[in-house]
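First chain A sits with chain B, and in the next complex the same chain sits with chain C.
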Partner chain A sequence: MWKKIKYIIETHQLRKYFGKNLKAVDGINLRIPKGTLFTLLGPNGAGKSTTISMLTTILPPTSGTAYISGFDIRKHAKKIRQIIGVCPQELSIYGNLTARENIYLIAKMHKMKKIDYKERTDELLGKMGLTDRADDKVSKYSFGMRRRVNVLMAVVHDPEIIFFDEPSTSLDPQSRRVVWDFIKEFQDKNKTIILTTHNMEEADILSNYLVIIDHGRIIANGTADELKGTLGRGDIITFKINSYMHSGDVIPRIQGLDFIDSVYTLDDKTIELRAKDGLRRISEIMETIPTRIYDLSVRRNSLEDVFLSQTGRRLRD
Partner chain B sequence: MKDYDQFDRELVYYKDQEGKFIYKHIRHISPFRKPRIMHLTSNHLKNMLRDKIQLIFIIGFPIIFILLFSFQAEAISNVKYDIFIINNDIVGSEDDQYNYYNYGASLIFIEALKAEQFRDLFSVTVLINSSIEEAMSRLNREEFHGLLVIESDFSEKIFWEETNVIGNPKVDITTINDQLVLKLITETTTQIVNSISIQVNGGESPELRIQNEVYFGNLTYFDIFLPAIIIASILMCISQVATHFAGEKEKGTLKRLSTTAVSRSEILISGALAQFIITSFQSTLMLTLGMILGAFVHPNANWSAIYIILFLLTFSALGLGLLLASFLKSYNQAGVFVWFIILPLQFLGGLFTYGNEFAYSFLFPTFWAVHALRMVMLYGIDSWSVIGFDITYLIIFSLVVLIMGILLFRRKKAILT
Partner chain C sequence: MIAYPVLLISMAFFAYGNSNYNTIDIFTITVINNDLLDEENPEFARNETSIFFCDAISSKEYQNTLIIEGINIHVLETAIDLLNSLRIDAIVVINEYFSEALYKSPTHEDKLPIVDIITKDNILILAELSLIVVEIVNSISFNITGAPEAEIQSATLGGLYFDYTLFDLLIPGIIIGSLSICMSLLAIAIAKEKESRRMHRLMTTPVKRRTIITSIVITQIITAIIQFFIAVLLSQLLGTHALANVNWNVIFFIAMLYNLSSMGMGLILASFVKSARNAALISFIITFTMMMIGENYTIPGEMAGSAFIPNTYAVDAVRNIMLFGRIGWDIIGFDIIFLSLFGMTTLIIGLVSFNRKYAMT
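Up next, the complex of A and B:
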């Protein structure tokens, strides 16, 4: 049986309601070509995990459906499970088994050959820096180490499609890098990866394409650059002004500069502006302000700003 | 990283010339590979047995339970039943030609009841000048255990009636409200009456003996309750199954397994199988330890029958555990809720109230299991006529709860919430 498919994941008006009023996922349409690292970015409770649960066949949708590699999640769950790997958001590991045994277990569930999964597991443990502790009970591991085991269990059987639900949450920056590098490797091998996160940096660095979801709906989509581009290019400069000054007096002066895209206040004394080449020409901006400024910062447009502009809220409060 | 496309899997991917993604359906997974259920089961066992607290519970609980009961090794033989007799039988004198042959049938009966074999068991008092009403009211006050009223034509029927009197004792039996006492006195009475009538009709009298099916003169509390203790500990399996699955739900491992190629039935069976192995081990441990500590097991006891009964009850417990697990969400919930099932099965099922079961005890599978187990272990009886109903009840009960448990647990909702 041969079958051609254009998108490895397709969803049609995917919905999941809990009870009558809680619309956890509210009509999501996705089309994901093979080999994409696709990110669902959204705040807590946005419906990311619920979407993943439906795509990984453990939660039936309220309405709508999705096709994974051409298989309908409502009808062909068994086939789908053979080709996916899932790293759940919560640590889903057996505490009294070792890291190695936990990983072997998943390999055995996929009927891998012993020589294959042994070699593969060693390799994976090495990549995550767990080789030395591989034969200790997982219950003796630190939180970060458990997270890494949780990630490894998703990929031991070399699945075509991998779901990572917030794989790097509450890891220190160093471990986070390790996980990111690990995920990137699968991207390089043309695997399809679905990642959820509320870390905009992670989404920015890893994604080929991303959607921002809030209250179960997609509120923006595109590549990270496209999304940031919708807010205008350039640098974002933020500073506080002396308490004697009024922001109303400062803003018109800055607006007078031709390279400024926009100026607005974040609160009474905090002013933020966007400018092409803002960093290089920062002295020109400073000259227009007739008072002392504090807490000056310059940064690039981030996905956080995209979310902020779409919802008026920050990703993490 | 190395590519692992050579894995045996049921779907294999290719790209066509346009770079479009194509898959092909193939099946070359060896059917001889160790089934997933075995892998899962051994992982469950490892996960359980490596937990020191659980290990202590699994091994320690049966040992302590048996040890405590083994101190109850005093014999129950000093339980003696008081039987009062009102003899209305018309007994003739030697001068009376007609009644001569009647002489003594009831007296022979009373003598037999007082004979050596029954001395440890019955103390017999013949009431003189007492009305039946009077005796009955004393019985109601439980001043004695059983009242036998020998009817006026007792001797006559035994000596003169051509008809077969076997099974027709002509003795009215009333006892305190205790099925065991009733059975014991009835069977002994029947036996003696039959023996006398066979003798009178020229037959060889059978030897009078205590009906060992009901007599526990030489058994101790420990002997009697060993089957009950084993059954009570099998019931703990309900808690084990429910907490196992509820715990897996809580940890998310159940969800994780559900996203792999393993089927829900395999997950279910392996979890139950692991518990089955543990419970069988516990039962065997308790039986062995009980025997080492001196519990009596009849030399003719049929060990296959013992294990069939134990396994059937274990299946029932597994089914009940699955039923609970299908709606319990967390380890703690399960730990509390299981007692609503276990305690009634233990106590209302009459495990520890030998001979004084409640009127509705027969509804509980434990009632039948303990009866069957005692018959086999204590009396060496395994005939279908005695334990057939017990076994049938257990089979039906375990099938019903297992099927219901599996169906409910297989629902998608049961795994996530």
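Up next, the complex of A and C:
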């Protein structure tokens, strides 16, 4: 499954326990080739941010090893910090500074030359559509604009590896698209990007490779297509039935159709089924149901379904 | 940064800026009436006013304030023995010609009615008694047409002379109190950085974590210095009677030594609080408790546990230097040693606590 090239990030049985009972990260093994956009997908509290905190040298692991570009996170923290950029989930910006000053601050901490960081900052502000407001205090910005500044601060020094922790959380669709395009651009430049998200669409669109994490453990890994493929090919059809019938009365009838892969209930009145070529043969399915249906939808497999199949619950639960 | 010293000094000035002060402490005193010994100038009804004075001291009005241990003890040595054995808090000496001076005798017209107050070494008792005695003598004067106001000469057995208002005595406590607030400011500043995750971002840059934390501490030290100067300047503007040749450099040194403790405790607090709000609340409780137990604004030696609080030593040293010019190693040496040890210890514990939270490299 893993390509045998130099791994820019490699972990072995990485663990982080808080106290005796809380296993935030419980033996994670990763091997990430250079230039990959690698996604850690999982619900809140799954251990994604803790993993990132260890890889970015903020938190020491309880046990296990991790190497970033060949540097041990325990021994060579300073060297690692020179080659990484981190965009935290929270808006870690200074509201009383301008966007330009916020970016300059990080550039100076990375000991960039003034002429370099000025030019670079102008370029980045332009890409994020912030040039006109670059000298306004960030406290006067909208949430989406602040989020964009938050992203820029992670990349001003042109790092080899960039960690984006939920970069598009709470963004409107337009700002989210800007951020995604911006991230993709780094992917094109052969930068290694580590993305954490609980947004399936984000993971699906951006990732080269992803792992699904739950309760501090990797429960599935692969490309988005590979993971969705594990559930079988086909369409997912969801619908609700009339109130006087129960799903238990309907399911045996649907299971009788030979092209149905699986049928299950989401609640007493909602049924979901997976069927090869389901969209074309939907009329055959409807004919087996002895009652009126409503809220019908047809879609392809998603990463949400992968998570559901692995854990028995939805990502957003 | 500016609010605390301005607010507290203004409050102290308006409350205690003049000498009218009602004490809540009870003092045991001996009165030596030297006025009775003089047999000259009988035409000026000598002795009567000093008897009025003694009557006033033992009157109902002051019975909750003053307890007379001995009156008309004419031998000062006997009274000093009582003072040294701590059986009394102070000796009040009504001087010769007190009556004549009060009645403006022609032969004593250049003299004021003088009362001496002597305590062992407690300058605050001296201050409080001075205010009471002035009040009593002047209450007698007001009944005599054209009588001059009394002059109170205050001294400790150690030879300190006292001529201050309670406002003057509060100023050292307020100066040190200003620096206590820096503990809150440091804890809140770090907690804010942690809460907003800016600390995480800064810690993923190549800058050493020690450098980051040092820069935050230095910012608060600069704040402390500014607070110190605001407190000193404002107290001077409002008329503190600090000595003319007071050594401000040593006071500044003491203040900065105390500031070490504030910074250390701020770091300890910052290493475990989760939010700036928690930091503000907990640091306020600690600061307030330390000011109270550390006797910033009360008579030294009265609060249990004050010996373990750095405020006690800092305020004591600043009072000695600022008000009495006592700067010798024998006077403030222990204060300096305690503040240094306490400051260094808390600072080291603070750095270690912070280090445990964020593996510091």
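By our rule, the second predicted complex is superposed on the first by the 310 of 317 C-alpha atoms of A that agree within 3 Å, B and C clash if a C-alpha of one lies under 4 Å from a C-alpha of the other, contacts with A are read in each partner's own complex, and residues count from 1 in each chain.
Here, a residue touches a chain if its C-beta (ideal position, glycine included) is under 8 Å from a C-beta of that chain, and two chains touch if they have at least 3 such contacts.
All figures in this text were calculated on a predicted structure; none of them were measured in a lab.
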When chain B and chain C are modelled together on chain A, clash or fit: clash
Looking at the overlay, does A:123 come into contact with chain B only (first), chain C only (second), both, or neither? first
Answer with first, second, both or neither: which of chain B and chain C does A:78 touch in the superposed model? both
Once the two complexes are aligned on chain A, which partner has more residues of chain A within touching range, chain B or chain C? B
Under the stated touch criterion, which partner chain does A:60 make contact with: chain B (first), chain C (second), both, or neither? both
Go through the superposed model and pick first if A:109 touches only chain B, second if only chain C, both, or neither. both
Figure out whether A:252 sits in contact with chain B (first) or chain C (second), or with both, or with neither. neither
Looking at A:189, would you say it contacts chain B, chain C, both, or neither? Reply first, second, both or neither. first
First (chain B), second (chain C), both or neither touched by A:88: both
A:69 in the overlay: touching chain B, chain C, both, or neither? Say first, second, both or neither. first
Can you tell which stretch of chain B bumps into chain C once we superpose, 8-16, 26-34, 44-52 or 62-70? 62-70
Residues of chain A contacting chain B in one complex and chain C in the other: 53, 56-60, 78, 81-82, 84, 86, 88, 90-94, 106, 109-111, 153
Across the complex, what residues on chain A touch chain C? 53, 56-60, 77-78, 81-82, 84-86, 88-94, 106, 109-111, 153
Per the touch rule above, chain B residues touching chain A in the complex are 1-11, 13, 16, 20-25, 29, 33-34, 36, 39-40, 43, 46-48, 50-51, 251-253, 255-263, 412, 415-416
Show me the residue ranges of chain A that touch chain B in the complex, using the header's touch definition. 1-6, 8, 33-34, 53, 56-60, 69-70, 78-79, 81-84, 86, 88, 90-97, 101, 105-106, 108-113, 116, 119-120, 123, 127, 137, 153, 157-158, 160, 185, 189
Okay, in this complex, where on chain C does chain A touch? 196-198, 200-208, 358-359, 361
